[in-house]
């Protein structure tokens, strides 16, 4: 931007905590809901991400050195605490698809020296490859560790001919020394927004989804625009009482005040609603204000 | 005039033995010139040994960097989540080293501690060269070093600006200013001595020194201007020095990671910087004293004062360190507490305990007169202190990566590989190379200030 | 604080601006200046002459009648530009659609080459004249929609913002710098959003619009 | 967003088709690969994408979607390929397909990599002096013609294929028969032939259709329907509805080694390998205690399950005794239930009995007609899939060993890789005087053949596919090219087959110039069954555009069959062999299947869901076993059976029976492109010659092994970090089912 523009907008350039009505007048705020009860950990989404976003395959040696480039990874946990307690995993494994949470107050954004990662008007956490100088400060400061660095010049080795013909022309192929991460398939969003603008309307619910949401065989990943209150995702956020601009949700505070299990059993707190809502955001307490709501996994204790 | 240190000194010692003199007050001014200028002539073989080892080390570093530059940072086995590795640790180390030069040359100058006079010149050179080395690490560390100028705020054809809220931009600015000021300060303080060099040199050397001494004649007017300017730069340099390491500390404190997000980091870093710098000065003091036969100027009493100063700073550092542990331990941030426990018990535990031992226990050796007047012991102790401070930086950076917020990416296997170690070793070579060249080309003991010192002492005696 | 930062920034800018003032020789207009060079009359920077397989006379097709042109609208041939991010090149059958009928020029060497390509059903290997770096995504559709369809500007003007007055050239040649600052300079300006209203808006200033 | 395209018109006029399916990115590699390096604006360096005469819907820079069918596994999911500038960029699910419903799994996504694989076979190869050398199609076809000049005498001529269906299956059936046995051998290393035979005996059909989404409770005995099942995408879609039903469905999984499905179970129960049938009978006995179920079985069956009381069952299976009545109670409370049996119970000498005992649960619970059906009638039964088995390959192998096979044409299967060493299949193959293989990449079998022919990739080829056990209507999936051939020499197997048929039966086939013409005429002939009103051409175009031929048809009830109690007889407990104390479980990975997908780098780098290991093989053992053997993670183990041994690193996982060791199938290729070769080990090789007593199928999970620790320890190439626990952070939170009311949540569409 020009110097004039920079100076007159100086105060806007600082990252602040999101306001309650931040997206009131904005046509788009992209967000996700991932239902961990539906997620089966099948890796269809991760492969779709490789296909959509020109992710390089790094090979065994580099994977071993922790240089994998999967923007979306499926984590598998055997227990919640610090020690494993069960001999056999009687309730199966816990899977968690983890990608960039597109934080509203992103730790990565404030530290990037060159502004290669910044906040877009539609609430995404962008990564501009050609601006990145590779200081990796963003990755160091990401609580989710979902940023991936090009440790090598992958275009040299990852797509031996004719594999390179598969590369999507809408996504820049990243070369050595730049950071990358999940973009919520920004190329799809740009295309959909452009089409909607030509037709003089806003993007409608379901018109555009990310590659992972599109592939997911159990429809566990929901993608949409929460600035549009009629979208499925906005309704789900609302139904789960998850507020974008809160670092602690009201419903959780309510549950903290809930009587202990013993009191419920003895009838003291029986009037309090026993059912819980499933929506939560990972590391919400760090005030990152993520745009991805996870719905808790359910396990029946009947057997 | 005497400093606090000197005061303390005299209280303890006056009663028992005659006070050892910082310098032989009866030394002839001409002898000072001859002794110091001798260091610019054909050096002792030990100089060449040090010089060539430095060249060799630097060569290793350059080879590693070329390989890394061509192939990508992956060859250094940097990885997720260990994205920074040794480069940032060593960067902080070198930045820290630079601080004590300023302490000796500027702070003690303002405080009129005249025992600094024989040794401040090389300390100031150390400041400049360690800053230059630190700057190299910023470049070595970047993924796309060829685009490093994106960090600098200047109007350009892309109409882009750096991100002013990033500590790295503050870093770039602060280090840039500090380096510039340090170089000016070093050069400016050398002008009267350069004139002496000019006067006694011949041939191309004479031309060289003549150009550098910018017409210094030693007139009263020149001296008066010189003193005012020198003092002004010294005053400017002090806040810069403090700010530089505070800003380096904000690289961590501004971030959110457990173990980094600590309010006390800036003073802690500054204390650590002064500490490692002082230790480095002791090392270089001993090396120079031996290599260039400066025993008459770099005397044992001065070494003692240096040691006492270092001891005091080490205790400040220890205190801040303990405060940090305590506030983490008793604080509510469970993640930070887990990170602290990991430091003490995880795979880097030996290093953590080594750091605490070297940083807080070994300096007690400086408290004993018998030890601090024994030069070989001090050489070993100062190297140990430096090692401890290097490990401190490693322990700040690495365990947080290994044990951050996100358990899935916890890693228990990362150690720096030979490329990183090679580049770090190369940086020591590069620093030594620059430093030895400096000592060979410029008077590493300030002749005019030693003369002043002698003059003042004689006057005080009278 | 705000005032202070303004002062600091202005100082910095002045310093840097003085040292970075562009020095452009007169040659730049002939040879094409360095990429992104800003010339005295704004942002013009001539690109190199590109030799195409057929020396296509834009002036003959789109030029004014006074200059012997036929004033064909840009979008008549470059029809993809309003429907796609990339404008592509008109399909060969489009050329043939007219030139099959125009007997008068059929024997001209250029038309003969054209017909030879058609007979072989071979695409003409046109060379790119405005080739942006691969990390830049310019969207023709958006600009055409805005300037031609919303604001009702003539296509020769709207296309000309970036491509220059192609109607006066034979084969196209780059005349604008097409550097990022050049793009942004326009995106920061307030433009009227359509032909009738006085409401203004500016182009997106979000990096991700063009770089993803 | 989605624009449907058709290839029909263009196919008719060859020029057009070339024009828009052919590669037009003339800039080549440079233009595709350049990333952030080049920052300058260029003129006159690259070429513009340019068309001669494209379809009207083709716009440069805008992707067009073409429907086709995924051939990565047998489930015949409808897919769509996004095509731009003549390149396929990405595969998606086809929303018009009732099987995929617009969804796609990872294996399916990676199909595109097989197409673009750098190691594709480009020319026909002929073996000369033991080395494969490039040759021409003319030469190859003349060699092949020799094999089809059928006479009544002489050695057998065999076509060995993997599972096939659709019109290819019709052409294969039409190949002339030479001897007593059929000449078309269909081999599937991971076949479900045991289940098919049991189903036939108990329900009267080979393929039953279990409706997961109609069940309140699914009790699965090692059926990995979400992972490496028969139709994972269709099953996952049903599973999603099952979980989101008004009363959330409950999944209980009983298996010796956790599968992906087991990882999603509400209750995962570990069981001693091979004792699933015993537990099933124990559950039957438990259910018979209730009066609702007491009359559902014949007296001799009731007598047969009598010995399986709680103590006995618990003793044999290792399942906690109190769990048996609890599972039985939930089965009742959450009816209708569905009992599924998968690969684990099948893979034993008594596999059929295991499967029958499990199926008996469905009979007792009377799930037929509620959650268990038979699939709707296929209008063209000749297109029905030939699913393949192991037994026929075993017979063929014996004949090969005896020198009775004169020639072999191999397509779509890699038996040299997937047969155990004891069969000596590769050696026996050498005794066949002439063997030819159609492959896209040189695999182990192709390396042993005399003639190897380059096959078009599934994304370049036409075809029709029919899935087995379709649960929603009946559909024929249409496969069509999404791209012009990458390698001009590659040919369709259908074309080769048709050419051979033309020589053998000229009168029937000479009217078809190529396989495409044959397929088109065959599909158009089927018009009356689908859409009789439209014109032929339009029907064909519509078919290609939709990618499926669908007939909504109701599922059929299963006939009631009397079966003998002998079917569910369980063997006496085996005595443990002290020399080989562990059971080897060759685990089927969802992304690798039988090793066919090992050449796809995305799948090699896609972490195994449970271990998160990539690019490798491993040996899963239970931590208690590891403790007993003093093994740590990464210790290299030698796993030795009576047939041989393999080496793999130990991975400690709680989800496995302590008496077993699991090694995944799919790796250990000796030849199969750069991404598969020399990665990991192949557990097929050390399997014992144990076969299902009833069907003769190879018992996959019956091999006993010894584990020996070596001094080596290597780090695992895995995604998981230093911990696999959440360390008290709220990452994946879990709620008990009674704490949440799903009905209050916003409903959404589950495709």
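Here the chain labels run A, B, C and D in written order, and each chain numbers its own residues starting at 1.
Just so it is clear, a contact is a pair of C-beta atoms (placed from the backbone, for glycine too) under 8 Å apart; a residue touches a chain by one contact, two chains touch by 3 or more.
Bear in mind the structure is a predicted one, so any value in this text is a computation, not a measurement.
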- Task: Hop across touching chains from chain B and tell me the fewest hops that reach chain D.
- Result: 1
- Those chains which touch chain D and also touch chain A: B, C
- Note on the structure: By C-alpha centres, the chain nearest the middle of everything shown is A
- Set C-D beside A-C; more C-beta pairs touch across C-D
- Note on the structure: With centres defined as the mean of Cα atoms, the chain at greatest distance from chain C is chain B
- Query: Using the average of all C-alpha atoms in each chain as its centre, how far is it in Å between chain C and chain D?
  - Reply: 52
- Message: How many angstrom lie between the centres of chain A and chain C, each centre taken as the mean Cα position?
- Response: 38
- How far is the middle of chain A from the middle of chain B, if each middle is the mean of its Cα atoms, in Å? 43
- Task: Averaging only over C-alpha atoms, locate the centres of chain B and chain C and give their separation in whole Å.
- Result: 56
- Query: What parts of chain B, by residue number, touch at least two of the other chains?
  - Reply: 155, 159-160, 405-406, 408-409, 411
- Note on the structure: For chain D, residue numbers touching 2 or more other chains are 34-36, 39, 61, 715, 720, 725-729, 731
- Note on the structure: Multi-partner residues in chain C (2 or more other chains touched) are 9, 13, 85, 133-135, 179, 184-185
- Query: When you draw the chains as points and link the ones that touch, which shape shows up: line, ring, star, complete, or other?
  - Reply: complete
- Touch list for chain C against partner chain A, complex: 2, 5-6, 9-10, 13, 85, 133-137, 139, 141-142, 145, 184-185, 188, 204-209, 211-212
- What part of chain A is in contact with chain B in the complex they form? 1-3, 6, 13-15, 62, 65-68, 73, 75, 77, 96, 98, 107, 110-115, 118, 131-137, 139-141, 143-145, 148-153, 176-179, 283, 286
- So, in the complex, the side of chain A touching chain D is made of residues 36-38, 40-44, 46-48, 50-52, 57-60, 63-64, 68, 70, 73-84, 86-96, 129-130, 132, 155, 159-169, 172-175, 178, 191-192, 195, 207-208, 211, 214-220, 222, 232, 235-236, 238-240, 274-278, 280, 282-283, 294-303
- So in the complex, which bits of chain D are touching chain C? 15, 19, 24, 26, 31, 34-36, 38-54, 59-62
- Note on the structure: In their shared complex, chain B is touched by residues of chain C numbered 9, 12-13, 16-17, 20, 36, 38, 179-182, 184-185
